[in-house]
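I've put the structures underneath this note.
Shared chain: chain A. Partners: chain B in the first complex, chain C in the second.
Here is the complex of A and B:
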């Protein structure tokens, strides 16, 4: 510690120490550490959630603040609506496709980066960039690159002779879902890469050396050392990415507004329209309550079947 | 190895006659080529954003479009700077700083408390936190709008900081809880046996060791804060309070979409953050290492 720092510290020491003593009293210490987080969580996460859960039992006038109790009516109407089920199906396709793509590509990229090569620091930094590109920026770049008349993607494919005419990636009913999944995965794959690469780095290299010496093939080393060590992080990554992609709104909404022909109207966009176009807050709340319960159920099943009973940490 | 032996007779059989070192080298080259392809896929959209921002506007709408701006112009940047972009940029910086600070502080303290202290139901709580993500954020913004209006927090930067933290806090808290479990408690114990108080042991012993975790949390919350769109679009209605993402979206609402301006603003928006990724990658990779549930 620098001498000056030490000097300052000695002078404030008596006061600081008695302050620290007060802060160390058990309940004050518990309150100081856990309470800010719990309080924040209660106020900004739980409270709005409880509001929405409650609102799903009411009919709420868009312009008047009056709430009329309607019991399960909102749920009945939503569950009777074929468009809801269609949007739910699209959310499942969007989330399932995205998670599959992001987890495989993300893990593969992490394995590629976890080797020795030249310019490692720069290459790794470049590989991590997409994660910090804002979703809105990515959406606008993608819209521009996929433009139906001037899009560079179509232009390059056309020059290579792969396509006859320019493709409206986000405007074609057949391709829109695929295009949206690919675009969002450009960014969110890197979340998987970061977490998996971080885990890979904490596997001691002596393990691989020992395995190589005893004649294990690259395939066996991967199956017996790498995979068991990744199981815990892959479990949590699949859960988080699944939940996040299922509830995703911004990127899909900017790219397609739910079109063309509603082919990308996922459940969050369906709920958004319910709330902001039809101004039916109660019913929108019912939609999100259903989505919440569905995810909760899926998470329970997921935990039951896949939770690693103990952290497999081969070290 | 049964698989390998059956392959030895196949058309790729020559592979097994190569010396081990040569095999290894060829594999490495192939993997590097693969990595290079991935890097191109990652860099091209970023390059195209920058290139588009430097094209003359008539270049943008000719076919085939040139791949390089041979005669770069800063016209679009000048046009962008004449809008409210500086105000939006400032707002974004302030909002992001607020979110990063609030999230990192609450998550570090909370994560430490959950990992070290004997609190009833803490494990249940740690899981419930992640369930906070299961409610669609777009719908959370409606009650937030109603509550925040009562509190006078609509169109205010503190209001948006508080609201957006709802999306950064759960994972950050969970991550710090995980992280403190990998920091050995024995060090703090011996500090306390040596006479230091509980709080001093936390500040002087545990905190420095949690630095990578804190940086990881800061990066995670920054990445979300910097690009926040959904919640700000509901809570910020006054264009002088907008963040950059909302400003960008407004460029697309003009009669013809101003691609050059959008890409110029995006470049200004994105480039500075790339330095973080370069300088902090070591901490990012250390901080995210603790991942299990």
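Here is the complex of A and C:
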């Protein structure tokens, strides 16, 4: 057996050497590892983006494949439409509110999970559950929980004597935005928790020990050690969650369809209605392009002023 | 060969579909088979059992089918079609009956051969020259299924060409519990009386239900109640559709209707955030005693949930009226697309449209709620026996069944048919301004007189853009 093994090794060896040589070339290794991802990204992301960008310069009836060149006319009409600006404002409120709630609650939960206590794993699993449940499923669960006639949230509040009558969380013009922000945060907060918790666990315990020996209170240890160490990941989390929430469509559409009275008609729903209710694909593409440019600009400003790449460097 | 093709092949058609779909997401032969259950003889090369040889051709069919039983039924007929014709069958089940998927395919330059759509959607598609006339297929359907009612005869006919083979329809009506009051709410005044009387009773059941919805329930509700008050939403003015619900007598009718909805809120549980599911469940949950609904699902749901009062749930024949007795309803049927494989499309329609299949489909697809569009089927023994063999039949009486189904057959009028020729700008275009007009009255207590013009102008703008 060893002789046979040696024979195989002898025969294979030159090929191994050649393969090693080929893979050792930096550009080949980079190509093999990065090109599939770039190809996939191009097909899934770049192609629709280019399509949308091109479509925004044409008048396209949704029921006809014919395109008519209109130049910048779609952009002019969209930018003149007060509903677009209103939807943009709502997107900002939704994204801002969601990110604020997710970062606050996510960081608090990470701090809690960073401590040792009974049932820690149970708490972690419960917190992770909304994130792994599909958005549509979670949204319908939330709809039932917030139903104005039999929703469990109102039932509990009612039985606790906190409210006199059931609250239509998703149907009230005053509460709908708050309700969708809360629901989306329920789902996505754990993302912040996971990232922050990973960073928390990498902070050397010696820093806390030294601070404790020096007489620093729990509050001072948090302010002087924990927060500065979290700053980097929070910058990235705010950027990612901000972009993702600004573009969110599914959870808001399922919960409210943009209602009541357009109170939750964020920009993505405005674009969807333009495309599939009013059947104007060119103008919907113009809305999408404007949103893309807006986010690109915001991200550029963010990177310029805050330099998050510097902040995430772990020394 | 009988395998139903999956949607994962890397053919040109598939690639086009994927690209088209992805892009849309980025924005956000006639078979010659006259008569007979099996279709009759072919005009081209045919298989042994009478259907043309469609080897190498494919049929992409799209339909709404949420339940396994109806999906199985379609898969079965597709498999038979493949065996009998040699065609490759591709069935796509979509979750909602809107045009989203159709739009993706049209944009990809690859329309499906056949799809099941509502009247409104069919008119909308026909208006853009997307559909294929199906006059011959309709004639064959009539030969096989019987003579349709007058209202069905008119469905999706433009310039003497027919663009849909209707299969079934349903009707807006008023569902109520007869065990709580002797009043039959078949007029607006009786709707009020019924709601008041039940609401005053010493139980938790509210008298009526006034939903506050964003989306299609709001549009359908407005048309239904407005028509019963003698109002209208649109008219032809020369060659263009003109929104007229804020003008002249129509304005009074609309304001009166909105105030009627508002008035009924005092006897209703909270209606905020409502959708079709809320309407369907409001009776069976014991929350309200009466509700408007586009069909018979509210009663069927109470039967399915085993509610003791299910058999006492009655449905008014058509909508409760005030000035005129008329009900908005919708029909669904098969349409074929230009630019697709027309021979295969027409053969598939001919293959599917036969009495046994239509009866079986209407026994599985929201039975009783969906009424066959052909009286001969509706009154036939086969359909009735099938319906009476279902579990839900326990909650129906013969009288209730006939009341709903016969009235649905006779009273059908779709919102597209408000004008003559029909208005193709109703379906998805009747959107935000219509929802918000009602919701501002119901949610914010706004005076209809003060807001009606703004919303009429907004709707006119949407329709104008569609017409341009």
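Worth a mention:
We adopt the following convention: the second predicted complex is superposed on the first by the 279 of 315 C-alpha atoms of A that agree within 3 Å, B and C clash if a C-alpha of one lies under 4 Å from a C-alpha of the other, contacts with A are read in each partner's own complex, and residues count from 1 in each chain.
The definition used in the following text is that a contact is a pair of C-beta atoms (placed from the backbone, for glycine too) under 8 Å apart; a residue touches a chain by one contact, two chains touch by 3 or more.
None of the values given here were measured: they were computed from a predicted structure.
In the superposition on chain A, A:213 makes contact with neither chain B nor chain C. Put chain B and chain C next to each other and count what each touches on chain A; the higher total goes to B. When the two structures are aligned on the shared chain, A:131 is found in touch with chain B, with no touch to chain C. In the superposition on chain A, A:48 contacts both chain B and chain C.
Residue contacts after overlaying the shared chain place A:123 against chain B, while chain C stays out of touching range. In the overlay built on the shared chain, the residue A:278 is in contact with chain C alone; chain B does not reach it. Once chain A of one complex is fitted onto chain A of the other, the partner contacts of A:236 are limited to chain B, with no touch recorded for chain C.
When both complexes are overlaid on chain A, the residue A:259 reaches chain C alone and has no touch with chain B. When the shared chain is aligned, no partner comes close enough to touch A:162: not chain B, not chain C.
Touching of chain A by both chain B and chain C, each in its own complex, is seen for residues 43-44, 47-49, 51-52, 55, 150, 249, 268, 271-272, 275, 281, 284-285, 287-288. Looking at the complex, you find that chain C touches chain A at residues 19, 22-28, 98-100, 102-103, 106-109, 124-125, 128-130, 212-215, 269-274, 278, 282, 285, 287, 428-429, 431-432, 435-436, 439-440, 443-444, 462, 465-466.
Those residues of chain A whose C-beta lies close enough to touch chain C in the complex are 43-44, 47-49, 51-52, 55, 60-65, 143, 146-150, 165-166, 168-173, 249, 256-262, 268, 271-281, 284-285, 287-288. Taken in their complex, chain A has these residues touching chain B: 17, 20-21, 23-24, 29-30, 32-34, 36-38, 40-41, 43-49, 51-52, 55, 109, 112-113, 115, 117, 121-138, 140-142, 144-145, 150, 152, 155, 159, 186, 194-195, 197-199, 201-202, 217, 232-233, 235-237, 239-240, 243-244, 247, 249-250, 254, 267-268, 271-272, 275, 281, 284-285, 287-288, 291-292, 295-296, 299, 307-308, 311. Every residue of chain B that touches chain A in the complex is listed here, in rising order: 1, 4, 28, 31-32, 34-35, 38-39, 41-43, 45-46, 48-49, 52, 60-61, 63-65, 102, 105-107, 109-114, 117, 119, 125, 129-140, 142-144, 146-147, 162-163, 165-166, 169-171, 173, 197-200, 202-203, 219, 222-223, 226-227, 229-230, 244-245, 248-249, 252, 259, 262-263, 266, 269-270, 273-274, 276-278, 281, 284-289, 291-293.
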